[in-house]
Every structure is written in C-alpha cells, then in structure tokens.
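Paired with subunit B in one complex and with subunit C in the other, subunit A is shared by the two complexes that follow.
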Partner chain A sequence: MKVRVDMTMCEDHGQCAIAAPDVFRMNDESKLEYDPNPDDSLLAEVEEAADVCPAQAIFIED
Partner chain B sequence: MTATTTPDYPSIDAADLPYLPVADPSFSVQSAAVREARDAGWCARTPYGLAILRYEQVNKLLKDRRLRQGSWAWPQHNGVEGPFAHWWAGWLLNKEGQDHARLRRLLNPAFSPKLLAALSPRFVALANELIDGFAPAGQCDFVSDFAEPYAARVIAIMLGIPEQEWPKIAEDSATLGLALGVTFKQELPRIEAALESLFAYAEQLIADRQAHPKDDFVTRLVQAQRDDDRMTHQELLDSLALLIFGGFDTTRNQLGLAIKTFLDHPDQWKLLAEHPELGGTAVEEVMRVNPAVTWVTREALDDFEFQGLAIKAGTTVHLFSESAGTDPRTVENPQFDITATGRPPHFGFGGGAHHCLGHFVARSDMSVALPILARRMPDLRLGGEADWMPLSGNTGANSLPLAFSAGH
Partner chain C sequence: MRPQVVVVGASLAGLRAAEQLRAQGYAGDLTIVGAEKHKPYNRPPLSKEALSGHGPDVTVEALSASLAFRPKSSIADVRWQLGSPAVSSDLAEGLLSLANGQVLAFDALVVATGLRPRRLLGDTPTRGRHVVRTVDDAVSLRAALVPAVRAVVVGGGFIGCEVASTLTSLGARVTVVEPLPVPMLRGVGAELGAALRAHHEHTGLQVITGQGVSRLIGATEDAEQVAAVVLDDGTELAADLVIESIGSHTNTEWLQGNGLDLTDGVLCDNQLRVEGRAEIVAAGDIARFPNPRFDDIARRVEHWNMPGETAKRAAVTLADHLSGHATTTDPFTPLPAFWSDQFGLRLQSFGSPGLADTAVVEHGALDDLDGGLVMAYLRKDRLVGAVLVNVPASEYRRYRDAVAPLPLAV
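So, the complex of A and B:
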C-alpha cells in the first residue's frame, strides 16, 4: 500500500503514531516521519491512523 | 544529553522575565500586560511556573515530549484522596507514554469523524427546537436557554440516552467542575456524590449495550478492541464519566464565547446568517480569538533548555492559547474574520498526544449551531448585564442575556 501525508495539513499531534506505531513515528524534534510504502498487513492500523488524524491529513493510495 | 545554548538563542535569565499574576481573579489573558509581555519576549513568569505567549513556542512546547500533561497531581496538591483522586489518576489525560497510547488507541475509533455525519441532522433539529422556545420573545439568556441544554443534549445524543435526561448530565458535570476550583476540598462530599451518580449512569449504559449492542457510540466503546486488548470495566466507567464531564462545560463555555465574539463583530454575524457554509471556519476563528481553554498546562519531566531558557523538572508551563492564536508574528491580520483562509491551526483543542479526544464532535455540533443561531437571531445585541468567569484558565459565561429581532 502507498501512504501519503499532506505535510501542509499535518499539525504534528502524533495521533497517527499512537494508532499505527509501525508506520508513523514522531522524531526528537516532535516532527512526523513515516513509511510511505508499508506492508499490506498493516492496512487496518493505517486506516485507523488516517481516521483519527485531527487534521485529516493522511491518505491511503493503493 | 547536553544542554547547550545555540548562538541563535541567547541565554534568558528567568529573573528578567515579566511577571503575570495568573491566579488573580482580575487577571485577563487578553490584558495589556500580556500583550506587552508577548511583545517583549515569548515567555513570562507566573506564581506557578512559566507562561508561554507566542505561537512558535506554544506550538513546539505543546508537542514536546520532555513535558507531561500539567494537572495530573491536582488532587494530591489539594490533599484529596479517595474515589475522586482515583478517577482522576485513571483519566486518559493524566496518563503518559505507553499507558496513554494503549487507552487512546482503544478510545479514538469511537470518535471517528465518519460516524458523526449521521448525527448532524439531529444537531440541526436540536438547535432549532431550542431556538423555537425563545425566538418569538426576541430575547433569551443564552447560557441557560441554549448553550447548556445544547451541550448536554449533544452528549445525550452521543450516549444514546433520552434527551430529556439532560439536566442530570448538566447538574453532575457542574458539580464535578467544582473540583477544578479553589473550593475543591470543601466541596468534596458533593463532588464525590456527583461522581458516584455519573458512574451509576455509566454502569447502566455499559450493561445495556453489553446485553443489547446497537450501532452507536457506547457500543463501539464497549466493544473496542485492539490486538486482543480491551478496556477493563473500570476503564470503561472512568472514560465514560470523563467524556460526559469533559464534553459538557467546554462546549457550553465555547458557545457563549462564540456569541461574545460575534457581538463585537455584527457584520460577521450577518455574513454567517447568509452563508451557513462558513460555520466550520466560524468555529475555528472563535476558538482562535476566544478559546474557552485560555491556557493548556504542561509539566517538565526533566531539567532541559528550550530556546535559551533553563526549565527545571517539575516546572508548570502555561501555554497561552489565545495569545498564541493572535500572535501577529505568525498570524497575519490576526483580527477575527470568518472568511480568512490559510490560518495556522489554533490551540483551542490543546495539541500533541493529549489533543482533545472529542474535537470532531465539538467541531460538528458548534459548526451546525452557529449559522442557525445567526439566521434566527438577527440584529443580535446584549439584552442586559452578562456574568463572565475570569478571563483565565477555563473561561466562559455564567449568564448572557441577549436581545434580537423576534420571530425568525
């Protein structure tokens, strides 16, 4: 699967890193880093991350 | 970790910082003293630690994991033990790290924005029903006639309980709210009784949805599961009681503050009536310039240095949401304008790991209500003397008499 975060919308709250820690993480500067090509087995948690994102900035493109 | 001052950030001596008496009832987060302090620098001293005043630094510190949520030890600070202290310690807001992440993962999906769209027509009907009650008279007390029943009945709708039971939600939440004030310890017996009442309520709801699952919010909480992990019964009770308490006061207060903002901007009220699609941006703008939560608190976990300032472990840091939201260094033309585009996000819902869990609900119910109010209360003006809480901490109106052209 392909994951894209619109960084102009991202507010760095880190809710995605709570929902899907295998794909999203907050670095030492509290900025988002993520894997744009996670394994398909992680789809459920990535969908959850996209859903809970306060800024709705995460898009899944298969 | 070494704490070094980079050349970009000259060392700041805390003793040189301006002082803001945040605990004084006459203190206002919108006072000239706060504006002067914000012009002088990004930080000020308070009787309980620091106040952060500019957008850039509030934004960074809100998400900085060297700080934890700031009111976790409030019951202990007040010498309070027992059921209330136990409930407080179990709050999502007062947990950190893996404990916080686990509970947040279990709670977040119930608040999905996808599930809220279906509730929007009910929010519309509720707003109209409440306005029907006072529109013919052309006057109301906005707090008791609209903000309170609206906030409490939105919670009733979310919980799937009869809406006529709203006064119970309002009364128990208001009593629990005493725990945040100076009379916390004296009021403890009443506060504990209100908590017990909310728990009994939550207990009934949980038992009902376990026996009769529905397609609703409480069923989603009861059934929430992640990697074979579920909430314990106590966690469900604690969370439901927190959601009722956390959703009521804040929404009631924010609605009153929205009206206050529009009373100062009658042209924008008229515009909102004509353009209900601006309801969403109206909510964001109101929360930027008049947030009900005027500061978010954090507490330093360790000694660390931030932009030249040494912050000691245990220091309370007040992140001023309105001061940041109107900071002209970051926000261009910071005056209230519901047609503005490209605004940086406000901090009315806090931010970072503790970002408000119920923000999609609050955004949805307020963005529905404000345009309806604007359409049905034209020529809005104050109808008497309003009673406001101090403009600090968590603020809002106790009463807000309004007058407007009748019969819309």
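So, the complex of A and C:
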C-alpha cells in the first residue's frame, strides 16, 4: 500500500507512532518520519494510525 | 429482508461504528442519523485552530468541509439522515422517531448521540453568549471576535482553557472563571492545575477560581446583549462575550421509556452492549461502561480516543450478535488518551489521572512547564495516569506503556 502524510496538516502528536510503530516514528527532533510503502500485511495498524491521527493527516492510497 | 442497523449520532463514534460494522462483515443496510446537518467532523480543532486559523467571515459550510472526516469506502452506501435528531424510541418494537416526523425501523441500534453543552441558567440576555461544541458554534464565536473584545470564559476545564488561549492569541482580553480551586482540576489534579494557572497568568490571562457565576447582566441600551457577568461574591466583570464551558448533558432523552439506566449516559456492559439489550450497543461520550484496566465501576470517558475505541468494540459486539457467532470475549480495556494545546504548552495525557489519589512529579519542575514536565498519577501506589507537558512526542510511547499495564495487578 501507499501511505502519505500531509505534512502541512501534521501537528506532531505522535499517536501514529504508537498505533503503527513499524511504519511511523517520531525522530529525535520529535518530527514524524514514515515508510511511504509499507507491506500490505501492515494495513490494519496503518488504518488504526490514520483513524487516531488528531489532525487526520494520514492518507492511505492503495 | 435485509437487516437494518441504525446508528444514532453522526459524529466520530457513529462514523467509526458504521465503518467497523462493515469491517466486521456486516453487509446489511446502514443508516446514520445526525442532529446536525453536517457529516461527521473533527471537534477538537473547534476550540483552537478552527478559530485561530480562519477569519471572521468563515462560513459554516467551509469550516465543516475543512474538518470533515474522510469516510472509508466501505460505507459509501450508508444512508445519511442528517439535520433531524432522534426524539423517541420504542426498543421493543424496533422503532426510532426523528424530530422531522420520520419513523425508522431497525433490527439493531448503535447509540452514539454524545453530549450537548450545559448552559448557564437564565434565558436572557440572549446575545453575546457562546458555547463551543459544533461548527455552527465556532463560526458564531469567530464572527464575534473583534480586537480587544472582553471575553469571560465560564468554566476552566480543558475546553475553557483552550478557548481562553485561542481568544487571547486573537487579541481578546480574557478572564477565566472557575468554581473549583484550580483550573482543570479533574483532568490534571491540584498540583499541575495550579502550575498551569500560574503559567497562563504569566501570559496575561486573568483567572478567578473558587467562584461561580450567579447571573448575567444585559446592556442598559439593549437588555438582550450581554454586558457583564456577576460572580457568586457579587463581583461584576464587564464582558462583551461570555463563553459557557461548564460541562455537558448526555443526549439520552430519546431513549427514555424503555427501562434503560440513563443515570449518566447509557449503562453498558464491558462489551458496550446496552444493559439488558443484545441488539443495542453504545459508543463514544455517552457510553458508560466498566474498564477492567482500572476497576469494575462503569464510567463515561470524554477523551478523544474513546469514540474510536468504543465504536470498534461496539461494532464487534453487534456484528457477533447479528451473525450469531462470537468472535471475541476478551475484556475491553482501552487506555484513555487526550491532548490539549494552550498558551504555548502541549499537554498529552494517558490513562485516567482523575482516578488517582496521589500525583508526583516524575520529570521536570512545576514552575518550568515550558521546559517539559511529566506528572505521574497513582492510585493505591499503582500508576493509573500520566500527563506530559511539552515532552517530545518521541517519548510518548514509553510513558504510555508504563501506565496501567495489563493484566490488572490486584
């Protein structure tokens, strides 16, 4: 699947990194880094991350 | 005939419940009933960037569009019944009546009607009084925000403090009135509440605690326009705007007459099944359920992650009922979480600080919140909550995982 985070919407809440740590992480500057092409087996946790994003900034494009 | 599931409530909980019913394999008809005319949208920005990020001319349509959730394609065929709230129900007959006179028949029901703001007593004055729950509320408040406007925020909870912060950033002169001894007492406890107050006062906010509002006074030339707030001790605060953030009522009136326990929201079991009803579940702010992560007392939890969490479990419970085979009986043990942005601080809470008997500073100092603080909340020596102030998000997971670990240590 393809994952895109609209960085103009992202507010660095870090909730995605808790929901889907294999795909999203907050770096040492507490800025988001993510894998834009995660394995399809991670769909459930990526959907969870998108659901819990306070800024609704995560887009899943398959 | 295809089964009919009606979701009553078109906010986050109702949306997620519908999506999760599909995810659980429910293929029958789905109707979502909403009191507002808008499709589900994200409410937390209403007290923050929805006000600060738009000009006074922002329209209800533009704001609701910008905050709208993107529904999953699985519910593209859902029937939306928006703009008319449910007013009564006959659960035994499977009938739901809406304010516009429509009657909907259902086989199963999701109760997700949430909350509405409590208002100050007194019908007059009528103008200059605001609440912040809906996009319409936010648009009305934004339009009233002229430079140097004098605003009194009644209620120093999270929403009150966030609104105070946003209004201050927009040039308003703001006073917060809170009847309890410190702001946000239930959410963060006395120590951190006092520290947040001190921090906010440094930025110019006026905070009055230990005082309620006894009445509102209208302008001499126009009694319908608010002009002042009178506190319990008789103090008068001049006010062009009054923001009422004094808590909520649960929207349960439409369920009356069915023998349910509606004491505070809707009483549910741990699987979000409405007590005594196999075909009815509840989700979101209105669901009162026991969380064995903490104890066996049923509570409502108004934290942002709970609509999503409760909707998912409620959907599993209902899908099991409709399909006739159980997929899960695991205890439902969500960890509440919320955040708040106010006066340059980001607060992140995990767990239930409100259940604690003791709060201790784990990291940082109460007189330097900007520098980062971690507050730990203990109940009988067990960590039940943590509030992080200006802590890097890269550290959230560590603190979250430390709070109220399962299985519950007895």
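Quick note on the criterion: the second predicted complex is superposed on the first by the 62 of 62 C-alpha atoms of A that agree within 3 Å, B and C clash if a C-alpha of one lies under 4 Å from a C-alpha of the other, contacts with A are read in each partner's own complex, and residues count from 1 in each chain.
Here is the rule we use: contacts are C-beta pairs under 8 Å (C-beta built on N, C-alpha and C of every residue); 3 or more make two chains touch, one makes a residue touch a chain.
What you see is a predicted model; the values in this text were computed from it and never measured.
Subunit B and subunit C, once both complexes are superposed via subunit A, clash.
Of the two partner chains placed by the overlay, only subunit C lies in contact with A:27; subunit B stays clear of it. Once the two complexes are laid over each other on the shared chain, residue contacts for A:12 go to subunit B and to subunit C alike. By the touch criterion defined above, A:54 lies against subunit B and subunit C together after alignment on the C-alpha atoms of chain A. In the superposed model, A:46 makes contact with neither subunit B nor subunit C.
Subunit A uses residues 12-15, 18, 21, 26, 30, 51-52, 54, 56 to touch subunit B in one structure and subunit C in the other. Across the complex, subunit C meets subunit A through its residues 16, 42, 44, 69-70, 304-305, 308, 337, 339, 348, 392-394, 396-397, 400.
Residues 11-15, 18-19, 21, 26, 30, 48, 51-52, 54-56 of subunit A are the ones touching subunit B in the complex. Those residues of subunit A that touch subunit C in the complex are listed here as 12-15, 17-18, 21, 25-28, 30, 51-52, 54, 56. Those residues of subunit B whose C-beta lies close enough to touch subunit A in the complex are 60, 63-65, 100-101, 104-105, 108-109, 111-114, 345, 349, 351-353, 355, 359.
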